[in-house]
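Letters A, B and C mark the chains as written, and numbering starts fresh at 1 in each.
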Amino acid sequence: MSRYSAAGWAFAAPAMVMLSLFFFVPVLLAFALSLTDFDLYALANMDDLRFIGLGNYAELLQTPLFWKALGNTFYFVVVGVPLSIALSLGAALLLNGAASRLVGLFRTALFAPVVTTLVAVAVIWRYLLHTRYGMLNYGLERLGIDPVDWLGDPNWAMPAIILFAVWKNFGYNMVILLAGLQTIPNDLYEAARIDGANAWQRFLHVTLPGLGPMLLLVSILTMAGYFQLFAEPYVMTQGGPVESTVSVLYFMYEQGFKWWNLGFASAVAFILFVIMFAITAVQYRFAKARGVA
Amino acid sequence: MRLFFLVFLLLFGCTGRDDGREVVKFWAMGREGEVVAELIPEFERLHPGIRVELQQIPWSAAHEKLLTAYAGQVTPDIAQLGSSWVPELVALGALEPIDKIAAGSQTVRAEDYFTGIWGGNVINGRTWGVPWYADTRILFYRSDLLRQAGFAQVPDNWAGWLQAMRAIKQRGAARDYAIFLPINEYEPLLAFALQQPEPLLRGGGRYGNFTSPGFTRASEFYFDMFRQGLAPRATNTQISNIHDEFAKGHFAFIITGPWNIGEFKRRMPAERQDDWMTAPLPGPTGPGASIAGGSSLGVFARSKRKASAWKLIEYLSQPKVQLRFFELTGDLPPRRSAWNAPLLADDRYATAFRDQLERTRAPPAVPEWERIGQQIRIVSERAVAGQISPAQFRATLNADTDAMLEKRRWKLAREASQ
Amino acid sequence: MRSARSAQLVRVLLLVLLAGFALFPLLWMVSVSLMAPGEASQFPPPLLPDAPGFSAYRALFATTGIAAYFINSLIVATLGTMLSLAFNATAGYAFAKLRFRGRDRIFQLLLAALVIPGQVAMLPLFLMLKEIGLINSFAGVLVPVTASIFGIFLVRQYALSIPDELLEAARIDGASEGRIFLQIVVPALTPILVTLALFTFLGVWNDFMWPLIILTDQDKYTLPVALAALSREHVQDNELMMAGSVLTILPVLLLFLVLQRYYMQGLLAGSVKG
C-alpha cells in the first residue's frame, strides 16, 4: 500500500507542482492583486503599492468603458451562442441522416475551421469583410443589397465578429452533437412515427430530449469560450469602432498591459470569472431542474 | 543527455552570435524603423567595434512593448521614444539622464535644437532624451479657395481665420465645409489649448486645469467651428480618404503633420498640385503655438552599453544624417542647422513648419498624460456630438483628470514628507 | 421512395452549401496567396489569380523574416508537446491507477478548477516570471501550458480501462513502478497519448494571447504573434498576409487531417461520459 502511495505521489507530483505554482498560486495572487492599486508607479517601486480593499471593484462599477465591455461581451454571447449551437445542431442533423461514405468527408470539411489558427483566419476575414474589396460585400451587392462597412460601422462590427466566431467553431459542437444524435435509439423515432408525429414533432419530442445532456455540455462550453472573446477584436478591430468591440478580456488586456494598472485589471479578470461561474451554475441548475443533468 | 542540454538552452533563450563587437540593441518604430536600417551600415563602418541590432516594432504595439520590456527587465540599450512616452519612462526610472554626456558632446548641442522640441525632453531639470525628429501640427489649406474667398493668405489670428472660413463656407456648396477636424483626434484641440497662457494641469501636475479661462477659450473656439457648420461631425475613419476630399474642395483646411507634405504631393491630382499650401497655426491674437511632438532617442538606465548607444545617438544627430533621414522619411530635423540646407530651406511647404517649430509647447510632462489625452478625445467627441454641453465637458474633464492624478498626488505628498 | 431520394438530395445540397461556407475563406486564402501584389484589391474582387505565382511567398520570406517565426513556433510547439506528455501522462496514470491519500478529492478539485478562465492567472504569472527571469523566453511561453487539467483528465479516463490484473502481475514479478509505467502503461495508453500530443501541439501552435504578453523580442515571436504584428503594418498587402496565413495554418491543418481519428476521439472522450 505504501509503495503505491509513494509511487502515486511521485507520478502525480510533477504535474501538481506545475499546476500549483503556475496556475493556482497566480489565481490566488490575482485576487490579492485586485485588492491593491498596483500600477506603473508600483512596478517601478514596490513602496508605491497601496492596499485599497474593494476600491478597484468600486471604481470598475463606475467606469463606463467597463460596462460597455460587459455589454459588448454579453451581446456577443447572447447572440453568438444560440446561433453557433443552432448551426452546429443543423449540421449534425444533416450529417446524421447522410450516407455513411459522405459523412467522413463532410465532417472533416465542416470541422476544418476549428483547428485553424485564430489570428491567421482573423486576418483572412478582415479582408473578406473589407468594404470595397471584400467578398462578403461583393456577394451582397450581387444580391442587390448595399455594401456594409462591416468593421468600420459601430452597429455592424460586433455582428461581423459574431459571424466570424460562429464560422470558426460551429464544427466543434457539431461533432459532439453528432455523437449525441447517434446514441438516440432508432426505435424511439419509430415509435413516434407510428404515433403520427411529423418530422418537427419528432425533433421536439425525441431528438431534443435525447440530446439533453449534450446540449447542456455544448452550451456551457460555448458560453465559457465566448465570454473569453479577445483575439478577434485584437486582430480585426482593436476594440473599435468607437469601442463597440471592446470585450471584457480586451479591456483587461488594455488596462493590464497597455496602462499597467495590474490591480485594476485583476479585478476585471475576477469579475469575469465570477460571472462565468455564476452563469455556468445557473445553466447547470436549470438543466437539473429539467431532469437533464 | 545532449538532447536535454539542447532543450535547456532552447528553453531559456540562449542564443549567441559572438564576433567580438559590442552589440547595441536599438528599437525603432514604423517607417523610421525601416529607414534607419539603411543608415546603420554607415555607422558601423565608422565604428568598427559596434554592431547595431535593430528591432522594428509597429507603432500600435510599441508603447506596450516598451513597458512590458521594462517590467520584464529586458529593455534594449536605446530606443526611439514617442514624445509622450518620455515622462512615463522617466517616472519609472527606466531612462538614463544625458545632461553630462551631452554637455561634453560636439555633435549634440542643445542650443541648435528648437527650444520647444528640446524642452519636451527636460523633466525636473534634467534631460532624458535627444530629439530625433520633430513633429508639430500646422494648417494645410486650399490656397485657391482661400483666394477666391478674398484672402491672400491665412490670417494669423483666430478672429481673422474664422472670418476666412466663414467666407469659404458661404461660397462653397451646401455639403462642403471649411475645415476638417476629425472628432476622434484631439490634437487640434490640444494645439489651441497650448496656445493659451494657462497650463493644462495645475499644482505641479497634480490637478486638471480645464476650467481655466484659457482652456475655456480654446474649447469654445473649437466647438464653435462645429456649431457654425464650418466643420463636419465626422471621424477620420468616416472620412478616410482626406486627400480625395481635400482635392474635391469638401473642406479647405486641415490641421495635420509633416508626413502629409509627401502624401499630398503623391496623392493630390496633378491639376490641384498648385492649389494647396501650408501655414502656421493662427493664435488667439497673433501667430500661435503648436504641439511639440516627434520622437526622441533615449538610453535605458539598465543598459550595459551606454557609451556605444550614445555614439549611435551622436551619429543620428549629425545634421547631414538628419537631412538624409528627412529625405527618406519626410520627418523634420529637430535642429536649426539642418534646416539651412537647400533641401529644406527651398521647400516651400516646409517653410511653414520651420516657422511653427520656433513656437511649440509640449504637453504636461506627467506619466498620466497619455491617458489624459485619450480622455480629452473621448469626452470631446461627446461634446461635439451634442451629448454634453461645453461646460459639462470641461467639468467632466477636470473630474476625470483629477481621478487619474490621484496616485501622483499621493506619491508626491509622500515624497515631500520624507 | 421518391421522397426519401429527394430528401437525401436536399440533404446533400445543404451539406455542400455548409461545406462551402466552412471552406470558402480557407480556399480564398490560398487563392489570394498566389496572386500578384495588389491583385486582390480590385473591384470586383477576383476569385482566382490571373496568373498564379509565388511572388507573395517570396516577398514573405524575403522581407518579413517569417522563416524564423515558423521555426520558433515549431520549437515551442514540439517542446510543449514533449513536456505535456511527460507531465500529464504520469499524472493521469497516477489518478487512474495508483492509490494515494486524497487522490479522488484532489481530482474533483481539478475538475472544478476547469471553470476558471486561464486569463485570470496571466497578470500575476507575468509578475512571477519576471522575478525568476523567464520573461521573453520560450520557457516562459510554455510554463502555463505544460501541465493541463484537461490533459490529465483525458489520460485518466483512458487509463481507467487498463486491467488492474496486468499491473498487479507485473508488481508480483518484482517490476518497479517506473518500469511498469514505461513498459506496460505507456504502450497501452498510446492512442490517447497521440491524441494528447495532437491537442497540445495544436493548442501551443495556435496560442496567441500569452505569447503576445510574454515575448518582447521580435526574433522570439511565434507565428500568431508575428502575424498579428505584420497585419498591423502591412494592412494593404493582402497577398503577403494571405501567404503568411497559409504558412501558419497549413501545418496544423495537415496534422489534423492525418490524425483526425485521434483528434475526434479526444474531443469526444473529454465530452462524453464513459
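General observations
Going forward, contacts are C-beta pairs under 8 Å (C-beta built on N, C-alpha and C of every residue); 3 or more make two chains touch, one makes a residue touch a chain.
Predicted, not measured: the structure shown is a model, and the values here were computed from it.
Of the two chain pairs examined here, A-B and B-C, the one linked by more C-beta pairs in contact is B-C. Using the mean of the Cα atoms as each chain's centre, the chain most removed from subunit C is B. Between the CA-based centres of subunit A and subunit C the separation comes to 17 Å, rounded to the whole angstrom.
A straight line joining the Cα centres of subunit B and subunit C is 42 Å long.
Looking at subunit C, residues 127, 213 sit in touch with two or more other chains. Within subunit A, the positions touching two or more other chains are listed as 257.
Each of the following residues of subunit B touches two or more other chains: 60, 68, 71.
Of all residues in subunit B, only 60, 63-64, 67-68, 70-71, 88, 91-94, 235, 237-238, 367, 371, 407-408, 410-411 touch subunit A in the complex they form. Partner subunit C is touched in their complex by these residues of subunit B: 7, 10-13, 30, 55-58, 60-61, 65, 68-69, 71-74. Residues of subunit C that touch subunit B in their complex: 75, 79, 82, 126-127, 129-130, 133-139, 142, 213, 216-220, 229, 232-233.
Touching subunit B in their complex are the following residues of subunit A: 37, 39-41, 43-45, 48, 50, 152, 238, 240-242, 257-260. Note for the complex: subunit A touches subunit C at residues 1, 3-5, 7-12, 14-16, 18-19, 22-27, 29-30, 33, 91, 94-95, 97-99, 102, 106, 108-113, 115-121, 123-128, 132-135, 138, 167, 170-172, 175-176, 179-180, 213-214, 217, 221, 224, 227-228, 230-231, 234-235, 249, 252-253, 256-257, 262, 265-266, 269-270, 272-273, 276-277, 280.
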